[in-house]
Amino acid sequence: MSDLRVAVLGVGVMGADHVARLTTRISGARVSVVNDYVTEKAEQIAAAIPGCRAVVDPLDAIADPDVDAVVLATPGPTHEKQLLACLEHGKPVLCEKPLTTDVETALGVVKREAELGRRLIQVGFMRRFDHEYAQLKALLDGGELGRALVLHCAHRNPAVPPTFDSAMVVRDSLVHEVDVTRFLFDEEITSIQIIKPAANPGAPQGLADPQIAIMRTASGRHVDVELFVTTGVAYEVRTEVVAEKGSAMIGLDVGLIRKRGDGTWGGQITPGFRERFGQAYDTEFQRWVDAVAAGAGSGDHTDGPTAWDGYAAAAVCEAGVESLNSGLPVDVTMVDRASIPGA
Amino acid sequence: MSDLRVAVLGVGVMGADHVARLTTRISGARVSVVNDYVTEKAEQIAAAIPGCRAVVDPLDAIADPDVDAVVLATPGPTHEKQLLACLEHGKPVLCEKPLTTDVETALGVVKREAELGRRLIQVGFMRRFDHEYAQLKALLDGGELGRALVLHCAHRNPAVPPTFDSAMVVRDSLVHEVDVTRFLFDEEITSIQIIKPAANPGAPQGLADPQIAIMRTASGRHVDVELFVTTGVAYEVRTEVVAEKGSAMIGLDVGLIRKRGDGTWGGQITPGFRERFGQAYDTEFQRWVDAVAAGAGSGDHTDGPTAWDGYAAAAVCEAGVESLNSGLPVDVTMVDRASIPGA
Amino acid sequence: MSDLRVAVLGVGVMGADHVARLTTRISGARVSVVNDYVTEKAEQIAAAIPGCRAVVDPLDAIADPDVDAVVLATPGPTHEKQLLACLEHGKPVLCEKPLTTDVETALGVVKREAELGRRLIQVGFMRRFDHEYAQLKALLDGGELGRALVLHCAHRNPAVPPTFDSAMVVRDSLVHEVDVTRFLFDEEITSIQIIKPAANPGAPQGLADPQIAIMRTASGRHVDVELFVTTGVAYEVRTEVVAEKGSAMIGLDVGLIRKRGDGTWGGQITPGFRERFGQAYDTEFQRWVDAVAAGAGSGDHTDGPTAWDGYAAAAVCEAGVESLNSGLPVDVTMVDRASIPGA
Amino acid sequence: MSDLRVAVLGVGVMGADHVARLTTRISGARVSVVNDYVTEKAEQIAAAIPGCRAVVDPLDAIADPDVDAVVLATPGPTHEKQLLACLEHGKPVLCEKPLTTDVETALGVVKREAELGRRLIQVGFMRRFDHEYAQLKALLDGGELGRALVLHCAHRNPAVPPTFDSAMVVRDSLVHEVDVTRFLFDEEITSIQIIKPAANPGAPQGLADPQIAIMRTASGRHVDVELFVTTGVAYEVRTEVVAEKGSAMIGLDVGLIRKRGDGTWGGQITPGFRERFGQAYDTEFQRWVDAVAAGAGSGDHTDGPTAWDGYAAAAVCEAGVESLNSGLPVDVTMVDRASIPGA
């Protein structure tokens, strides 16, 4: 009944959110170690939490005997080494996307975990824990709508940092719809095309925005995604499944407060990902903490997307970036999952 | 196959609308005579319509051999005399509410028409022709929701003229919900109470606004109406029926354009009664014109609310004004309809 | 002030609707002649309308001195000859889509009308008269949302006749979104691709359904259209414009009656095109009748899409059918409008 | 940093929910003691939670040195004695409504706590923690809508237990809207009238259902509440504030999944209070646990409605039951808050 001791690596915006989450909202866990390449930030955060220390080296943090499990919110390029260290020490890890920054190393991580015969890696595709996506999945699995045929998505951000480039629209934004597609349809994506319409006059010079992604799944289902990251408006994530016997849409933003004034009706649009997916992150973490605690027996310390899901997303995004450059449809290259026993 | 020749009496805002309606949107009718106590206005309108004359005296207009039917958009105090003239000349008449300005004269008109044995008078409660109300009525009559139990209404205007007083909120605004209640529930209203909450700071001095009307029908159903005529916002007419097996609401203003900008979603609220009920007026007039043409045989020249409906509305509003003054519930006094054969 | 005398050619489902419309709901017009290749049907309809005759030959009907203007609801293959006859007799004509069945003959009609120097042909793209589309157009033209960037459309039918084939999805269904795109964006479509996802198990053997159309306009705007004609559900036409400063959606079907029963909320989905676009057809016809009457002076007898709009739609659909067969994007081939003075 | 040790008294449906909440979802607390008059149930629940014991006597549970704070989910008649015991032992307590079962004893509890000079009692009006109500409150407090004038509420349950009687509609259902009114308007309710329309044919014999409550606040604002506890449909809680410069509505159930099938659009209605207010309970408990932990210094161990709020609700409901019986408006009798220093 003692709390799970968690090391949080990387305490930028997202990591600091996770520290707060584990400290004040999640039952059965506490943050025992924090780490960041900006040492002062880690120390500042550690100081505010009883029983928490800052550790300078991320690999030391993973190995620390005061750590039962690890949350990775570090930059993508450091993930491979840190994930392998978690595997070596047998420590369950919740890894923010991406799994790693390229398909080869992602596959290496998948294989290493499979060899060990224990499931230790969960990837942070939090939308699977959002109650709207969860209900949509349940609706599809319940069979009431028949076979799903088409998926329409819109993914809109009010703004992005100046460093955001066209490939990041694919790797950082589209990656969520890639996972949503695989989650809802339970099959792999086999091809992808990125269309670049005339750009938003308000987008930074050189940024292809909006982009339209066209994907096809193994059984021939169609997916389209509008990616638009400089809307200036709000955070809008909308998903519609069109199926044999009906369709369903989530994310319409029509529910909450309907106020009227100055001749219009309407309400506030969700301003950012925290407001839209805060509940999803909380649920993701609570269920991960519970699964890690429960995993001692079964060897499965996850309750959500696995390393394979991280690898598959990387493979689709790699093909997406190739299409972004060429303008042509690109087939997704992936190994056969059955060729890696345990993956 | 020649067009019905209509005299429009009173060409203020509403009457001029009706002239335009009959001239440009209604099939099978034309305006042959117009009349107004402001003679120049009538002449100006007549001049713009081929085959139309201005007639100075309203009773002459009714009697004119070039007139097949009459539309009354004159002030309420003139209605009694004009309606009786229409009856004497056997001319079908569409009378804007009120039927007359008091219960006694309204009852006199009902009795006179009943004696003649022909149905010539239709009262302009246009909401019955609005497609939302019509669908709600059909839903209730279809039986899917079981017995209707409660009716909630909101009736909001952005503003009213300076001459609008507290009793006019009852007589000119609430009268529509009185007719809606009788239309939807097919029974009479037996008591009414007007509640005066603390007034809107923005309402003119002395105007009780908002007002809340509480009504009870013959079988014990409850109706409440929020009347708020200085909202500064828009024209909002909302009606919800709560029934044994479900409920239904119309008038929510959520349909049309959903635009997003500046962090909100929403749409335009209906600005006025023309936008909200323009379709209802058109349908009312087309069906009235058709009914008048068809009535030569049957003796029934109406297709909508009758003189009795006008009398009943007057009786409820009279009790409402009494309650407005006393603050207490007031029973509605009406004669027994069966006592007037033909009413 | 005498009514416009209209000949309606073709009195199938659509043509009979137009006869009823002109006879009972449109002001200032009447049907003087009807024609159909099923002679009995034309005679039956004519018999029910005072002052109306059936004429056996469509070209005789056009030439008839008792006919001021013509409505074409005949099969597409007969349009070319009938339109040219209308032009020769100087009779204004409202032609249901398609203008003609191929691009070459459509262009011929455009050129012939241009040579005559009078605008006599209006094409029946009725969505431009739907109040939702009209408001969306006004919103875009008003500038509040900035530059429009992307258009998402869904066009769903509950079912289609057994003769409906994959190319008709493009020619008969997509053609409306082709016109909507040109109407909203005020520019030509330059390329089109039709994607064929795995088919709906409930669609007839051989029918590619759903289909996804991807179009690009002259200035590089992106349009996608989901076409799904065997949904088994209802008639759903939804359009969303994504613009620089916000987005707007029409067709969501959330407005009217919100009933609750058996644990769900919701309302009736529009069952067919009559319920969805009945108002649009009425408005289209009233405005056309008014324009024909007014055109005597100016030589322009139209108030809506012209022969050029019919030609442009044909050119895009022809490229669409080519893409349907090849699976590849196809550039749209059109003559330069400036090369045809008066077009 | 050690967890708050909580005793949960009463482990029926609600209490068992709270045990699960504290054990699996709330950070910083654990259930150390459970109690129920059905001893076996308490023992069964205790057995499933590490470090938790069943204690037979509720007063022993309160006094237990292994208990830092208390949750009361026991029947109302036991509250007075248990609350006074909590006060004597200085233990913070979260008391499910009602505070006590009559106004006199409720006032006694208020006075006793005030004498002690520490705020230990929080009452479980969880709607204040619901994010929709919280946003509505923030909207009103922000001033954007001007002065609030009218409150319309609907409170609908699909069904109630056979023991539910007409007075319980007031005491157990309306009590929530009483607190919502006081929360949103920040003032006391001064009069109440319960209207009994003709009853739902499907309601149990003798149960007045629906009921309409009409309330007036100190400054003259109007509140109406439709209470309907045998709808057979779902759990619907809707609240609309009408204010000087606009209105706002929550609880419309239009957001989540919009599916279409069989010709209707819509979604699932919230089936019960757990689905509607689960988030509110979680937030209430997390904030209460945090406030208890933080209260050591300030002496205020609450973060939500206080004993006074429980007393005020009792006073309004007592007047409501009197009106239910008499059919007349009843003034609410309350002591002056200023007469009890510290209340």
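First chain written, first letter: the chains are A, B, C and D, and each begins at residue 1.
One rule holds in what follows: contacts are C-beta pairs under 8 Å (C-beta built on N, C-alpha and C of every residue); 3 or more make two chains touch, one makes a residue touch a chain.
The UniProt protein names, listed by chain, are A, B, C, D = Inositol 2-dehydrogenase.
A quick note: this is a predicted structure, and the numbers were derived from the prediction, not measured.
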item: Selected interface, C-D versus B-C, where C-beta contact pairs are more numerous; value: B-C
item: Most distant chain from chain B by Cα centroid; value: A
item: Centroid distance [mean C-alpha coordinates] between chain D and chain B, Å; value: 44
item: Separation of mean Cα positions, chain B and chain A [Å, integer]; value: 58
item: Geometric centre distance via CA averages, chain C-chain B, whole Å; value: 37
item: CA centroid of chain C to CA centroid of chain D, Å; value: 58
item: Residue numbers of chain A (touch at least two other chains); value: 233, 245-247, 253-254, 258, 260-262
item: Pairwise touch network: line, ring, star, complete, or other; value: complete
item: Chain C contact footprint on chain A (complex, rising order); value: 146-147, 149-150, 152, 154, 195, 197-198, 200-202, 210, 212, 214, 216, 219-222, 224, 226, 228, 231-233, 242, 244-247, 254
item: Chain D partner contacts - residues on chain C that touch it in the complex; value: 233-234, 236, 253-254, 260-269, 271
item: Residue numbers on chain C that touch chain B, as the complex places them; value: 1, 23-28, 30, 50-51, 132, 135-136, 139, 144-145, 245-250, 252-262, 279, 286, 290
